[in-house]
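You will see two complexes here that share chain A, one where it goes with chain B and one where it goes with chain C.
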Partner chain A sequence: MGEPMKIRAKLEGDVLDVRVLMAHPMETGQRKDGAGNLVPMHFIQTITAQLNGRTVFQADTSQAISRNPVFGFKLKGAKAGDKLSITWTDNKGDKRTDEVVVGAG
Partner chain B sequence: MTELSRRTTLKRTGALAVATIVAGWLRPGDAAAEWNRGAFEAKTVADALKQLKIAAPADTKDIVIRAPDIAENGAVVPIEIQSNIPGTKSMVVLIEKNPFPYAANFDFAPGAALPYVALRVKMGETSNVRVVVATADGRFLTAAKEVKVTIGGCGG
Partner chain C sequence: MNRALALCAAAALAAAAPVPPAAAQSKPPAVERDATTEEFEKFRAVLEEDNPAELFEAKGAELWKTPRGPKNVSLERCDLGLGPGVVKGAYVRLPRYFADTGKVMDAERRIVHCMVTLQGFDAAALAKQPFSNATSTPDPVVLTTFVAAQSRGMKIAPPQNRPEERAAYALGHDIFFYRAGAYDFACASCHGEDGKRIRTQQLPNLTGAEAIRSYQGWPGYRMTGGVMHTLQWRLNDCFRQQRFPQPQYLSDSLTALLTYLAVNARGQVYKGPGIKR
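Let's look at the complex of A and B:
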């Protein structure tokens, strides 16, 4: 499940400026721990953003995305009161969804 | 099979079919729409593009890549990408000299998402950050920006 995402969705005219921070280690599989053992790969693979239940933005990602990923994207035609939900899934089958209601601009 | 479970199965199958159709616009080149393991495990840009079924993208100045000229910390390199190409449907991001160059793909729903994304990536060494845009009419266009990396961010 992981920690909740931090989602900021700011309405600027009819463009919704979204910024999301996800808590995730994004392990590459190349890093060694204190004992010198390789830390297994553990990273987010897919991200889906839905506005009022409709998929509007989607990403496939690799271990090259930085730890605790931050993404920004822009949606068109959104308005105050719309529901924005974001879901990520990782390579271990873990998944998390968080939702915000768009505030007035 | 009980009536209930048959219905549930039908319902689920139906939902899956609808989901597949809805997802259809997202990955026209790859109807399977699964996380593309072959492309993500490719060790060269050429192989990654082949796995993504992207042939000979043309150079363009209409993709704006904002990234630092010099990144002191390769573990966190901020990148902003804006496409000014009409009909931009998706963007592939490749870090050419990373062990696995293909870093991400972004799909934008037509009319609902602007062809813009901001992300942060790890870079092992100085490299081009290459972006390939796919358009709704099946064209591929590309641009790149070099980022010099002082301290690599993949192992450590």
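Let's look at the complex of A and C:
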């Protein structure tokens, strides 16, 4: 169970501009800790966006992404009142879903 | 002759008891505009739209109202200077004098004080890891970020009504100008006059209204390492850069220095937690 995301969804016409801020350590597996031991890989593997329960966006991501990443995408055909939910899963099987209701433009 | 001497003495006296720069209080600082600065500002504006500091702010809001510590109480009764539980606008009105401790305290120091007195946390244990690293962010940092965010868009207004608060300003002033260490450095060596820079980094003159730039953006999310830092960390690092001995976390000296900077920045608008390189 990760920490809460910050989801911002702004409606411009029928295009929804989505920005998601996620709290995640995103360890690459290359970094060493103070004692010289490798810090194990820990990164978000998939990101899924659902609009009213229907998957509209899916991404496979790697450890090349920064800590506490921001994801942005645009979505056509959304309207005010729609429910947008974002889910990420990481390589340790951890998972987090947050939902927002799209506000009027 | 005697009159001239008396005038000299008066001038020396005035210099000995530092008073906040009066003219600087509402005038926005004049910043040298050049192509580099403008490019940096564009870069910052893009990053500020999605600042991970918001994640820490949200986490701090949770921590604030969650019953924790050996006494299992929340911080909702913590007095940040505007009365128990009042968080809105408290950050820009600190450092200030607190009658219950008889000391002038800055935001992070007061928050830690509340964690110790209300929640029963051990002050020494909290001081063991005061700053964020790659794997963990200490609670006082997260809480300070939350508290600071509740003063977004407000004017910096630390009180200077009590003699203790004026003494803290005077001490902060003295520390700011105190030259010592391996490099014979003082804060004022870099931050004592206008228009200085190190490589592309412009150095604000913190002796006047530009002191707002020491407050702006802190607590800040540092992209280098992806960690959240407060002003306590920033000042600690200033002393490291000057090759001074490490100042004690939450000490009177750091509160005094923060008082000096906050009072110099009086009247300027604080924009809330920020993002740093």
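Note that in this section the second predicted complex is superposed on the first by the 105 of 105 C-alpha atoms of A that agree within 3 Å, B and C clash if a C-alpha of one lies under 4 Å from a C-alpha of the other, contacts with A are read in each partner's own complex, and residues count from 1 in each chain.
Note that contacts are C-beta pairs under 8 Å (C-beta built on N, C-alpha and C of every residue); 3 or more make two chains touch, one makes a residue touch a chain.
Please read these numbers as outputs of a predicted model, since none were measured by experiment.
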item: Superposition on chain A - do chain B and chain C clash or fit; value: fit
item: Contacts of A:R31 with chain B and chain C, given as first, second, both or neither; value: both
item: Touched partner set for A:T97, first chain B, second chain C, both or neither; value: neither
item: Chain B versus chain C as contact partner of A:F57, first or second or both or neither; value: first
item: Which of chain B and chain C A:V70 touches, first, second, both or neither; value: both
item: Which superposed partner A:S85 touches (first chain B, second chain C, both, neither); value: neither
item: Which superposed partner A:K6 touches (first chain B, second chain C, both, neither); value: second
item: Gap in Å between nearest CA atoms once chain C and chain B share a frame through chain A; value: 7
item: Residues of chain A contacting chain B in one complex and chain C in the other; value: 19, 31, 66-67, 70, 72
item: Contacting residues of chain B [partner chain A, same complex]; value: 22-23, 26, 35-36, 40, 75-77, 80, 95, 98-100, 102-109, 111-114, 116-123, 153-156
item: Contact set on chain C toward chain A in their complex; value: 49-52, 54-55, 58-59, 134-135, 221, 223, 226
item: Residues on chain A engaged by chain B in the complex (per definition of touch); value: 15, 19, 26, 28, 30-32, 45-46, 51, 54-67, 69-77
item: Residues on chain A engaged by chain C in the complex (per definition of touch); value: 3-4, 6, 8, 19, 21-23, 25, 31, 33, 39, 66-68, 70, 72
